[in-house]
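First comes the structure, then the notes that go with it.
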């Protein structure tokens, strides 16, 4: 009997619980859970200190792009069991997690490889944007190098 | 200023807290945290159901092998910031995590690659053993394919 | 043929246009994505700073700006999509 | 020369020997790891099921069973290390 697969993207304004994301992918048939947590680093740019990030998303399209992303991942790693991403929206203070992703799989190699690809694809395709906000009140929109139409795009 | 590196191995008899392991590697300079959670799967072997695992360790040597492992990881991925592993000892029920590992790094690629290598090395070198216990009261010692002197060793 | 569509502006494009969303009542269809982008540029000239670093999404599907023809229907959603920065 | 060492048995080797730990009072030194293993096999013949799937640890360093000479000192710890299964 094949367990039904769960693909969950939650866009939320609150603090992210790692345990909640882990629980969302747990499965009796899975020996391995791979996780990735992305956090805003403390950073100083031209003498301005980053104090936080302001996120926004095209929410319904984020959901449909996430489903496509999961389809691509499962095609390449069919053993991937569940995928869960919790992504912050709105204001995120420096030091807080912006994204927590988890993938469960019966064995670890598939899950770990799938995770690397999933993070890559999420940054390349999910319609989500962040603005870095500085202590000088200034702000600037960031661009993921993974996004094909970003000026700093790396192949 | 380079932040002092933390390498922590905790061998413990209690339920593992993922959040605790995440907190142990958190760093203001790290944008990425990679995690791996290993869990006993539900499994049936020759009609016997696995109900749990019994772990033991050569504790002081596990600590010294862990330090060597971290040295090897840091040599290859110098940007790895903190490494933390919590590993269960004693009785672990099916479905509970046996090991939680986290690695923080400024950028995700180094951390993800280092994590794959760290799990591999941990299974190959850490003097820890588990016995699978079945509902028939029987038990059998497991062997990691990563361990060079295991009968099922894979290069 | 023309269509009435909703245009959504995100991130920097919302700042540049000063809008999150607007209705366009008579957009020609079919239309190349390049012409659709030019039409938005005419309305909001400041969007030109995004030139070459932007794509559109039509009915929630990415469309690169170029010769590709897009068929629009009444009520369709068109989004201006600056470089992504999720994660 | 001889040395008094503590031998630790783990996992399957502890079940086979029936011991977690024992003191050996007069182990010749230097000694090859093969001869050290043979000496343990003489004391606990059931350990032979581990043959070719075991290593030793001397002062917490892995030593493959073979011709390598090991120098032992009084109080040294020698461990019998069946295939690992941590994680």
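Think of it as A, B, C and D in the order they're written, each chain with its own count starting at 1.
Keep in mind that, in the parts below, a residue touches a chain if its C-beta (ideal position, glycine included) is under 8 Å from a C-beta of that chain, and two chains touch if they have at least 3 such contacts.
This is a predicted model, so every value here is computed, not measured.
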Inset, instruction - Skipping subunit B entirely, trace which chains still reach each other through touch and list those groups. - result: A, C | D
Inset, instruction - Determine the centre-to-centre distance between subunit B and subunit C, using the mean Cα coordinates as centres, and give it in whole Å. - result: 49
Legend entry - Distance between chain centroids, defined by C-alpha means - subunit C, subunit D (Å): 73
Inset, instruction - Let me have the rounded angstrom distance from the C-alpha centre of subunit A over to the C-alpha centre of subunit C, please. - result: 26
Legend entry - Residues of subunit B whose C-beta touches two or more other chains: 38, 119
Inset, instruction - Could you please write down every pair of chains that are in touch? - result: A-B, A-C, B-D
Legend entry - subunit A - residues contacting subunit C, complex: 38, 55-58, 60-62, 64, 87, 98-99, 119, 122-131, 141-144, 147, 149-151
Inset, instruction - Sort out for me which residues of subunit C touch subunit A in the complex. - result: 8, 10-12, 53-55, 57, 60, 62, 64, 79, 81-87
Inset, instruction - Name, in rising order, each residue of subunit B that touches subunit A in their complex. - result: 17-19, 22, 26, 28-42, 94-95, 106, 108-109, 112, 115-116, 119
